[in-house]
Amino acid sequence: MKPLLIAVIQAGRNFRYTWGSQIMTLLTVSLSVLIFSFFFLIYTNVMKAGVNLGGDLRLAVYFEEEPLPEMITRLKKKITDFREVDKIIYVSKDEAYNRLSQHLGEDIDVLANINPMFLPPSLEVYPPKDLKNLSQIKLFSEYLTKLPGAIKVQYGQGWIKRFDYFTKLLRIIVILSGGLLILTATFMVAYTVRLTVVARQEELKILRLLGATNNYILMPFLLEGLFQGFCGSALGLLSLGILYSWVKDRFYSPSFFEFFEFSFFSHTIIGIILLASIALCIGGSVTSMRRFLKV
Amino acid sequence: MSKPMVELVSVTKVYTANVIALEDVSLEVDTGEISFLIGMSGAGKTTLLKLICGVESPTAGYIGVGGRNINQLRPREIPGLRQDIGMAYQDFKLLPERSAAQNIAMSMEVAYKNTSTIKRRVKDLLERLKLEEKHDTPVSNLSRGEQQRVAIARAVANSPSLILADEPTGNLDPMTTEVVMDLLEQCNDAGATIILATHDEAIYRHTKHKVMKLHLGKFQNCNS
Amino acid sequence: MKPLLIAVIQAGRNFRYTWGSQIMTLLTVSLSVLIFSFFFLIYTNVMKAGVNLGGDLRLAVYFEEEPLPEMITRLKKKITDFREVDKIIYVSKDEAYNRLSQHLGEDIDVLANINPMFLPPSLEVYPPKDLKNLSQIKLFSEYLTKLPGAIKVQYGQGWIKRFDYFTKLLRIIVILSGGLLILTATFMVAYTVRLTVVARQEELKILRLLGATNNYILMPFLLEGLFQGFCGSALGLLSLGILYSWVKDRFYSPSFFEFFEFSFFSHTIIGIILLASIALCIGGSVTSMRRFLKV
Amino acid sequence: MSKPMVELVSVTKVYTANVIALEDVSLEVDTGEISFLIGMSGAGKTTLLKLICGVESPTAGYIGVGGRNINQLRPREIPGLRQDIGMAYQDFKLLPERSAAQNIAMSMEVAYKNTSTIKRRVKDLLERLKLEEKHDTPVSNLSRGEQQRVAIARAVANSPSLILADEPTGNLDPMTTEVVMDLLEQCNDAGATIILATHDEAIYRHTKHKVMKLHLGKFQNCNS
């Protein structure tokens, strides 16, 4: 009879005798995978969220006088030399006035007695999506302030600062809780697997006394680890998927997801999580069993 | 003369500083022999058997089984040795939730025996030991004497060439004792060497076999 | 000899024989308390954070013409009638010009050729701190738009909207992870306690056979539960305190805490957490032991 | 005539449909008596003793101990009954990591006996059973026969009025058996009623006490 077949039979038999603790292990693995992947999902999405928020950023450089066209070209070059940007738009006094009147709409008459030339001309700089860090923005803005003829740079400093802190806070929370949770999950899986082995230590000792080879003892545990790692993490990922779509349905509003573009794991990452938890379960049992194999 | 199956030379076993279980014990058991090991409670009988099957290692001395020094075996050789020695432990060492049949089968399963062979052998042994009705009963639901017989059945199931029986009839009435002794003698006829530790005078009083008496870890006036 | 003394001796003896699993239980309780209180702390502080952000809110109501002083008083009354506010400041055209020039500072000459009267007058409404909900702000703003003579209400809509979603997201994360964690913590404590009892089930059975009373069996477990619940949660809270002050030190910058006023638990809450975990540990062991008491 | 210490009337114990351990068994043991319970392995001896001390409950019939129906006791009365019955189990039921002394002390501790009384009694018992050197040895490190003596010591330690000994000498050599029997007889002299299940013919062959023989769950030609 082939050893593998025997191992399968043995694993099946073991399951019949210890299904309670096996299901417990499976649930523990599921819960751990759920927790871990939940935070991983949030972490990756939060990191992206910062980028999206930064995408709306616009720095307006106001000038005292309308610069000459060739001056504008030079200014644009100076800016792009310092840092790559998405685009730069020149807004002349006229355009600024047009914009304001458009903005006011029906209330255009407010401007009736106003000199259309009172608004300063400006260069609107749209930084690239990856410029999301407050200190980088500050640096950029300081550079822009020093451009010849520039009198002021505006970019909603107050709000951006707040946003930056908010994002920072969110990251601290996500990282700390992630760390805490991964600690917990590892602890739980290690503990549960160890207990499963301890619960069967009597059986293992007897098998050793009867002359069982290492293979004979290890194989069923490997199969079990494979099974538990796979089913456990599949179950955990499935729960996360359900949770994810529930949250998406529940809190969905187009404007919400305009800012936070949440997305689920790619197939690759799902595969990696499955493999990692299988490896963890198998590694866990084999490590806790090592001392029995020496008897 | 054939090589001795079991050979001990000046074996000493010290558990803790003040517990010297065996002291300078030498002994030889020939292949195919039956020997009785007797002695007071605590004399070191179980220790001696455990040393022979390699469950305990000696503090000093040489232990040979089938001509090989069992304390110099490589780790991968140990399972093979144990499969060839059938030990009926004094405390049985059965798995309480498993059925009598499964417990007996274990010793053959670890040797990767054929499933149908195992089934036949288990059934045969249970019948011989008058346990046919307990085939599927979990060992924890058996009476102590029934458990003892299961332990003996497991020890002989794999047809080992050396059988170590530690007090195999302590929980058995005279009639059942005879059934067990018959089984052991049959194994002996089939070629197995047997060492039997016992307190039961009825078994060894009128025997023609070798009787070795341990006292406080040393042999006393062995007959032969 | 007094039963209590015997129970103490017994508990001490049990600890000697099972210190491994007892320390495991203690650590589990600590970890669970740490996790739980960590999220509780974040939750309470995040809820407060929303309030502080709302505190900086200012709605500016622009008027076509400067209203007469009695009209201003009536407008103010209309506003306070609709909703309590912190303060309302009237900004006349002059003042608006002054502000702009102050704002521009040295660049005051930009305004040289501008009619100082081009800026519209406005009422600046500072809503109370508890107005932090986007829909409430919108409602308020709509009301303000309908004030006689008002042409426009401004309050940084875009940013506020974003903030609102951000806060919402943070709350979803905190609530979901909190739920997940409390589930995990409960599961862990229950499981560990159950295992401790199972590991000693042989001893309990024997004690029952020897005629031990329920009291004799329960008392040491109660003492153990007390000890583990207390030490475990104390350790957990201590770790949280250390983590808290580490984060505070590490990320401290005055402006950061201007927005997020983090604070630790009050003594009352610490007391409640301690008591709750003691009750949980004791309850857990007693529940898992109940079936042994019936033998 | 005094009231019987143990009284069974038509007791039947069925474990599972096809395992009828005891069938319509009646028996009376007077206070201060010693009785032997014999019978083949699986006859129902252990079951009978377990019924008497209330560990198992009967399928049918009346069981009285000290004149009280033990199957109608309120839950809070059971501990008292058990403290007054000393049972030496066939499988010992000792705590392997605890020392011999602690295992013996347990039966007195649950009765809230005085610490110094416990210490004295434990020491005395260990000496009488020739285990004085094993006072602090964990039970798992004792030989099987030593464990058996610890189990007996625990059963008699609290000076119960009824002692049930299930195969108390199965792992003991004749000399040690005598020591144990002496101890039990002394307990009997001190007033304890004793029921002793055994296979050891040497113990009951020439006894003047009552011998009851179980066969397949029924009594067979009891002498008296």
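Chains here go by letter, A, B, C and D, matching the order in which they are written, and residues are numbered from 1 within each.
Simple rule for what comes next: a contact is a pair of C-beta atoms (placed from the backbone, for glycine too) under 8 Å apart; a residue touches a chain by one contact, two chains touch by 3 or more.
Quick caveat, the model's predicted, so the values are computed rather than measured.
> Report back the single chain whose CA centre is most distant from the CA centre of subunit C.
Chain centre farthest from subunit C's centre: B.
> Approximately how many whole Å separate the CA-defined centres of subunit A and subunit B?
Inter-chain centre distance comes to 63 Å.
> Based only on mean CA positions, could you tell me how far subunit A sits from subunit D in angstrom?
Their C-alpha centroids are separated by 68 Å.
> Using the average of all C-alpha atoms in each chain as its centre, how far is it in Å between subunit A and subunit C?
Result: the chain centres lie 23 Å from each other.
> With chains as vertices and touches as edges, which is it: line, ring, star, complete or other?
Here the contact pattern is a ring, one closed loop where every chain has two partners.
> Identify every two-chain combination in which the chains touch.
Pairs flagged as touching, ordered by label: A-B, A-C, B-D, C-D.
> For a test of understanding, state which residues of subunit D touch subunit C in their complex under the given definition.
So the residues of subunit D touching subunit C come out as 55, 75-76, 78-85, 87, 93-95, 97-98, 106-107, 109-112, 114-115, 154.
> Which residues of subunit C touch subunit A in their complex?
Result: residues 24, 27, 31, 34-35, 38-39, 42, 49, 53, 56, 64, 104, 107, 109-111, 113-115, 117-118, 120, 151-152, 156, 158-159, 161-163, 165-166, 168-170, 172-174, 176-177, 180-181, 183-184, 187-188, 191-192, 195, 243, 247, 251, 255-256, 259-260 of subunit C touch subunit A.
> Mind pulling up the subunit A residues that touch subunit B in the complex?
1, 3, 6, 17, 202-203, 205-214, 216, 294
> Once bound in the complex, which stretches of subunit B touch subunit D?
The touching residues are 15, 18-19, 38-42, 46, 90-91, 133, 137, 141, 143-146, 148-149, 167, 170-176, 199, 201-202.
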